[in-house]
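Heads up, the next two complexes both have chain A, just with different partners, chain B and then chain C.
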Partner chain A sequence: MASSKIQELKKQRQLSNKRKKNQVIYGVVCIFIVVLIYLFLLKNNFIYSFIWKIGLLIGFTLQKSRFCFTASFRDPIMVGSTSILKAIIIAFIISTIGFAFIQYISTGGNFNIRIEDIPGQIDPVGVHTILGAILFGVGMVIAGGCASGTLMRIGEGFILQMVVLCGFIIGTLLGGNHFEFWDKLLIRNSPTIYIPHYIGFPLSVFLQIVVLIALYYVADWYDKKNNIMMTM
Partner chain B sequence: MRLWKGLIKKPWPYLVGGIILAVLNIILFSVSGKPWRITTGFLYWGMGIIEKLGFDNTNWYYFSVYGNQLNEGETFFNNQYTILGLSVIAGALIAALLASEFKWKIIKNRRQLFFGLVGGLIMGYGSRLSFGCNIGSYFSAIPSFSLHGWVYGIFMFLGAWVGCKLLFKFLL
Partner chain C sequence: MSQQRIDCMYEACPIPLLKALKKLKTMKVGEVLIMETDHSCSITNVVEWAKKQGHEVDYVEISDGEWEIYIEKKQ
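Let's turn to the complex of A and B:
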């Protein structure tokens, strides 16, 4: 009974695949347009043209690999799969090494400088981080996508994600508007902790990579133990 | 032709995606001086929209602290975040079209609409509290050796767990 149903579904899928129109020509038209925009930016602002190029590659990669931060957190909870989480951990290991080089070169190896002068995403940590992260985690699961996933799915034609983007814009406006309240209540009293200022740069890089490798093995172990999709 | 099929028609493994995204983020960081960020761009778009609607958007406290102000020569629509956001959408669109996977997917029901809007709203609000989203406060923050990236990751996981519970209760 079950297998005949699967056969039926397979047939339906094949039929709908045949009906699927070839869209390559539209893709080529789009490539032509983005190249024109690239050339326009190149003439006016080199950095913008460069960012445009990188963004296109990021979007392309996100779509091709179905890279979804929401799923990396949701799948371990719902189906026990950590394959995306493991890919993100590997990405962290690579970017840790790359970012370390950039910070090392730009500071000339002298890290005893103001945090504002060290390049990267270094911001205050405290209760506001926790609140923001929990809100974001809840939101991305019920909306079915995070910030990068929302942009990617708009490109794939999801109308829902355009609504999510509207919600995003309204939410950032409200949050930005209330920022003074949160700053005075929490953020102002929170420290900005750049880990190398406490344990030194080489040890920070080394420890972070060790922790990430350990997390990779934990994720791998968890997947083998809990993944309900294993039989497929 | 076979290479075309492998690269363009078929999905890539997650691991390949992760490696490429990490390398792209490093290149972006090294050339532009700033790693990948998204949600601040959404705020800029919102500010641009309310300006167009005739609201007064000058003198916001937010833009006077933590280096949140626009750089010289930038406007709410003309800035790095806009370029990066639009190019990510365009890149995904091209990938979907070349694989003939693009499809307008309509919203199924009112509940989905509601959850999408509310989900987006609390993500946006949360991102202002924590100085970024899953990219700015996580994907780009942990490799920057900032402790807030790790704290963010841990509590985003907790939030996702709460979200799953809500999803089971109200959506499924």
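Let's turn to the complex of A and C:
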């Protein structure tokens, strides 16, 4: 419950509110276009229609929850708050369990097949991973959003992110263009590590969940410890 | 009743929070800071931070996609 001073200010402000524009018509037009695109995709490319549906649901969830991947990694350092980071760790636990099922079913329990045949993003790991992570991290904190956050905020009407989107497109094109150079220089020579090949599938899933739960508790402890603003 | 106002329109995260932080430092206990913002994320961001610091906080939507956040300095 906010204090009386704030209540009073709020009341004053609500009385002098500008009349909001009625946005129902825009909403109806948008839903109409979305359904049209869906029907078009359904007729021409079933997989795309499925991706379209999932994309819409993810976008809706992101906007309504004001979820921000950038904040999840920035806030622990900047203001010592880890509530979004904890949400991400929980999401990781859920997707670990989900992917365990997907990988188990699609490989039929036989994991001695080629890594390329296992579903999921199992890619070579090396110096390029660290380099890319640092670049992406610096970029998203300066831009005020990662890829999904930027797109969500443009949809919301936050115009500044349009500039970010331009940079995002230029960067993606350059990256796509120069991928072969990096592939030859670093990526191809790096090993692809799939932990179940070393310690078995059940144990690696179990270990990953245990590590994530441990990280959750570390994040929780860090949040409580940093109750007072530390920087500045 | 004294209050201070800062304009955080068109600023992306985390600028509104940093601006509020700097302003709050110069303010006395009991004063109210009014922030104007159009960044929906800074609501979660600022409100959560202010609560954690023990300040009184609330917000209101003043126009489509524009909010005012009220923070009363408590310590």
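To be clear about the criterion, the second predicted complex is superposed on the first by the 203 of 232 C-alpha atoms of A that agree within 3 Å, B and C clash if a C-alpha of one lies under 4 Å from a C-alpha of the other, contacts with A are read in each partner's own complex, and residues count from 1 in each chain.
In this section, contacts are C-beta pairs under 8 Å (C-beta built on N, C-alpha and C of every residue); 3 or more make two chains touch, one makes a residue touch a chain.
All of these numbers come straight from a predicted model, not from anything done at the bench.
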| item | value |
| --- | --- |
| Touching partner for A:9 - first (chain B), second (chain C), both, neither | second |
| Per-residue touch tally on chain A - higher for chain B or for chain C | B |
| Which of chain B and chain C A:70 touches, first, second, both or neither | both |
| Touching partner for A:42 - first (chain B), second (chain C), both, neither | neither |
| Touched partner set for A:209, first chain B, second chain C, both or neither | neither |
| First (chain B), second (chain C), both or neither touched by A:81 | second |
| Intersection of the chain A residues that touch chain B with those that touch chain C | 20-21, 23, 63, 66, 70, 74, 78, 83, 141, 143-144, 153, 156-161 |
| Chain A partner contacts - residues on chain C that touch it in the complex | 1, 3, 10-15, 17, 21-22, 30, 32, 34, 38-41, 43-45, 48-49, 52-53, 56-58, 60, 62-65, 68, 70, 72 |
| Parts of chain B lying in touch with chain A, wherever the complex brings them together | 7, 11-40, 42-43, 45-47, 49-50, 60-62, 65-67, 80, 83-107, 112-113, 115-149, 151-164, 166-167, 171 |
| Residue numbers on chain A that touch chain B, as the complex places them | 20-24, 26-27, 30-31, 34, 41, 47-48, 50-67, 69-70, 73-74, 77-78, 83-84, 86-88, 90-92, 94-96, 98-100, 102-103, 116, 119-125, 128-144, 146-148, 150-161, 163-180, 182-183, 187, 192-196, 204-205, 208 |
| Touch list for chain A against partner chain C, complex | 2-3, 5-7, 9-10, 13-14, 17-18, 20-21, 23, 63, 66, 68, 70-71, 74-75, 78-79, 81, 83, 141, 143-145, 149, 153, 156-161, 227-229, 232 |
